[in-house]
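Dropping the structures in below, format is structure tokens.
Presented sequentially are two complexes of chain A, the first with chain B as partner and the second with chain C.
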Partner chain A sequence: MFTLGPAEWQAIEVTFRLCLYTTLILLVLATPLAWWLANGRSHSRVVVQAVVALPLVLPPTVLGFYLLLALGPRGVVGKTLEDLGFHHLAFTFEGILIASVIYSMPFAVQPLTEAFKNLGRRPVEVASSLGAGALDRFRTVILPLTRGGFVVAATLTFAHTLGEFGVILMLGGSIPGETKVLSVLIYDHAEGMNYAAAHSLSLMLLIFAFVTLFVVYSITRRFRVANL
Partner chain B sequence: MSLFTKYGQLIALLALALFTTTLHASGPLRIAAASDLRYALNDIVDLYREARPEANIEVIYGSSGKMTTQIINGAPYDVFFSADISFPEKLQAEGLTTTEPSVYAIGRIVIWSNTLDAASLTLEDLASDAITRIAIAQPDHAPYGLRAKEAMQAAGVWEAVQSKMVFGENIAHTAQMTESGAAQVGIIALSLASFPELATHNHHLIDNALHNPLTQGYVVTRRGGQKSEAMAFAEFMATEQAHNVMTRYGFVIPE
Partner chain C sequence: MTIHVKARLRLGDDFELKVDHELPLEGVTGLFGRSGCGKTTLLRLIAGLERVKGASVRFGDQAWQQGRRFVPLHQRRIGLVFQEHSLLPHLSVQDNLLYGYRRTPAALRRLHPAEVTAMLGIDDLLSRRIDQLSGGQRQRVSLGRALLISPQLLLLDEPMAALDTQTKREIMPFLGRMATESGVPIIMVSHSPDEIGRLADRVVFMQAGQIQRIETLHESLARPDSPLFEDSGAVSVLEGSLGDVEEDGVRPFGPPEARLWVPSVEQPPANHCRRLRILARDVSLSLVSPEHISIQNHLQVTIERIDPPKANRCVVACRTRDHQLLLAEITSRAMRQLQLETGKPVYALIKSIALLK
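What follows is the complex of A and B.
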């Protein structure tokens, strides 16, 4: 059933690299953002919340289209990079990585915002009054008390990036070893009427997605029981 | 505050990691090819690899229009084999090519079906109630789709078939839609209908007087001009060995 050739392994490698980097980058970006969304007092929070949630409702083609225009050699970002002597980002791994970070943003920000809201300001204020510094408060108070939120955010981000297709197809151009992720390779196999290869990869992704979601729901349940 | 400095450092580090990987090596020869070449070009690349085992070639298939848009937007393709020479000419007008666009083959379209005997079908039959779904490639950006539309217009059935048309993203996708049975009948490339697995079913060759010729042209892109492999492969396409493969898939080689 699972007969994987070099093209498949290459796509698996690109996909997992993309998912891993996206998850790491998003955890770094989403933590302060979610903290601000959960505890901030500014009215602009609603605007930011709406912007972060946009990928949930927008067709991936809208995001893919604008990113292609912006990151390509004629776009604002792409042209600036070219002028600085770098390569533009359309049809590159870095380009689809940026796209994935934007596309999966709500899946990292929302669970963390929930976790921080449930935590409330109290534990941090107490820690602060006891003289704990910012980093110390994060490491010894926030992180242990909200680790369920972090696990859910990381898993959902990883899994959602795995399921990305439309944005990558528009921005990535299906280049082996660079932007040809599993979902695009399956599409390619189906188009080439190589159904056996499409089957093994699809089944693999199906099982992986189920296991991931199973783990996420088990974790959220456990943490809810523990009153988190 | 120190928390945010730490974050600043981490973000800077990630940004740095991103840019260092942006410095691309010369890498493999990347060929963008129209979907009608999906099987023929694979065979030719295999032959080329036999002659030069060290060759590192990647072929990416899609509709000619989509490939052209991608190249304009900076896609890293070195050679572009289009299903219609107008697309390489467009790239030339944009200053994105190294060589003159030149014709490498003339394509043909056929009526093909997985469920009916297509050999006995004509374009006029497509209007009959017995046929409920017809697949062609998207005429806006896939040359094979445009020629299929022209042929149906010339046969006077285009208006009558409107409600039963489905459009594939490119010609290979159209063939797949027909092969799966989702569309009863498809107008696809002869080169795809000649692929052994599809050739088990008959096809009806559409009279080429009914549509503009599928003058397939290729070009070495500006990016490909820096690679000797790009010119070498283009030359290989003109060899008798490559021509034999092309004619086996039903292409006509121009004089």
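What follows is the complex of A and C.
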């Protein structure tokens, strides 16, 4: 039952590449955004907060549909790329990577915002008064004091990207080695009445998801205790 | 050395901070006012933690903020100590102390770990974790950490407000010592007349977002309507040097012509300029030299001013033989019976004395 053929391995490779890149990109993007949401004073924060949280409530097909419009050959982004001599982004790995970054954004931004709010401004102000510049403060004060938030953000982003289906199907289709991720492959298997193959992959994802969440919740508990 | 601050800033609907003043910086400058009068905001403005449009902050000849120029806090070399403990919880006491020291260019270091830890009595705590310290110890480590960047200016935001009375008493001498020994000008925010009387050399009075007055501690204690009298009534602060412990465990204070005896306290060594804080209601006046009386401290003084009575009590300002101001609070009836008037020599009897620093 648990024999994986080349198609499965290829899907696993695409999936993990997608998850890894999404996580890395989101950590870089979400950190300053979450800091601003936690400490900023601008009234536009609420708007940004709502936009970031949109993927939580929208059907993935809606997001996928608009991304298809934008990134496709006749969309704003896609057409500009074509005019510049590049390929448009619909049905490509880069396309679904962009979609994943947007779709998993709240799972990176929210834990970090929470962590930065709990941290407060005081430790950062203290570090500045002691002569530490912005990067120095991030490395020696913010990161060590909020690493629980970073671990949670990274794990949730990774796991959530793993579970993507609708957005990818809308925007990426099912191109082996490019956009065919595990969830899409499972769908294909089930459609083709290959229940055994669908089952083995599903079970794998189920176990992985459970272990991930288990780890996340143990970490949040541990860090909360350590922060007191 | 002075600092010039000019700023206008709305905070909320009915509060506006509006300052344009030159503050003299020598020794300890107390920033005094009720909660919510804008003291902390002013302090944050000086530190550069509050970036107010159009504000200007000039420290000596350095423009910290002016027009588009804004020097960030980490380049201002300001030591900051906050009300509640603000030690970095992931670092040991030692690493907290050295966090700023390591980031201070060697050429600018004037204060070094050994002398600072000795001054603040924290030598034994260096290897501890932050959560193993008491409130007073934490505040001492915070002070040490701020001193170790060899700051140009120290800003203390109600450094004792979160401490209990016992711990306050424990910290106070260290603060006083720090102010005299480090030579760094200090601005200390406080809403406690007691703290101001103990530590400040100069007082900046703030009210409703504005600076009302800047004067020396003695000038502000000589005013009958001083806001420093709000807590426990009129108060005088006498300065003088403290002698060695004599028999019966008392120590002489001040010159022979205005000698007081204070209970021995272990800590301060002799021959340092000290302060005594004397509540006016603890001072009585007598026309004749008091003998056969249990009160030990009598001074010959001259009445300089008699304030109009309030609730049948009036404050009498007397000049001691060493030209310091001593306030006595007596009833209007006593004043009438003794026929007190300005210029009259009398004896002041002091019931209780607190040695400050």
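A few remarks follow.
Operating definition for what follows: the second predicted complex is superposed on the first by the 227 of 228 C-alpha atoms of A that agree within 3 Å, B and C clash if a C-alpha of one lies under 4 Å from a C-alpha of the other, contacts with A are read in each partner's own complex, and residues count from 1 in each chain.
Throughout what follows, a contact is a pair of C-beta atoms (placed from the backbone, for glycine too) under 8 Å apart; a residue touches a chain by one contact, two chains touch by 3 or more.
The model shown is predicted, which means the values in this text are computed figures rather than measured ones.
Of the two partner chains placed around the shared chain by superposition, chain B is the only one that A:His87 touches, whereas chain C remains out of contact. In the superposition on chain A, A:Leu27 contacts neither chain B nor chain C.
In the superposed pair of complexes, A:Leu4 makes contact with neither chain B nor chain C.
After overlaying the two complexes on the shared chain, residue contacts for A:Arg122 are found with chain C alone; chain B is out of touch.
In the superposition on chain A, A:Gly133 makes contact with both chain B and chain C.
In the superposed model, A:Val215 makes contact with neither chain B nor chain C. When the two structures are aligned on the shared chain, A:Leu54 is found in touch with neither chain B nor chain C.
Of the two partner chains placed by superposition, only chain C is touched by A:Leu145; chain B is not. Touched by chain B in one complex and by chain C in the other are residues 133, 137 of chain A. Put simply, chain A touches chain C in their complex at residues 122-123, 125-133, 136-137, 140-141, 144-145, 227. Across the complex, chain B meets chain A through its residues 1-4, 6-7, 10-11, 14, 18-19, 21-24, 30, 35, 38, 58, 60-62, 70, 73-76, 169-170, 172-173, 175-176, 179, 197-198. Interface residues of chain A, counted against chain B in their complex, comprise 24-25, 28-29, 32, 68-69, 72-74, 78, 81, 86-94, 97, 133-135, 137-138, 173-177, 188, 190-193. Of all residues in chain C, those touching chain A in their complex are 47, 49, 72-75, 77-80, 82, 86, 88-90, 99-100, 103-104, 145-146, 149.
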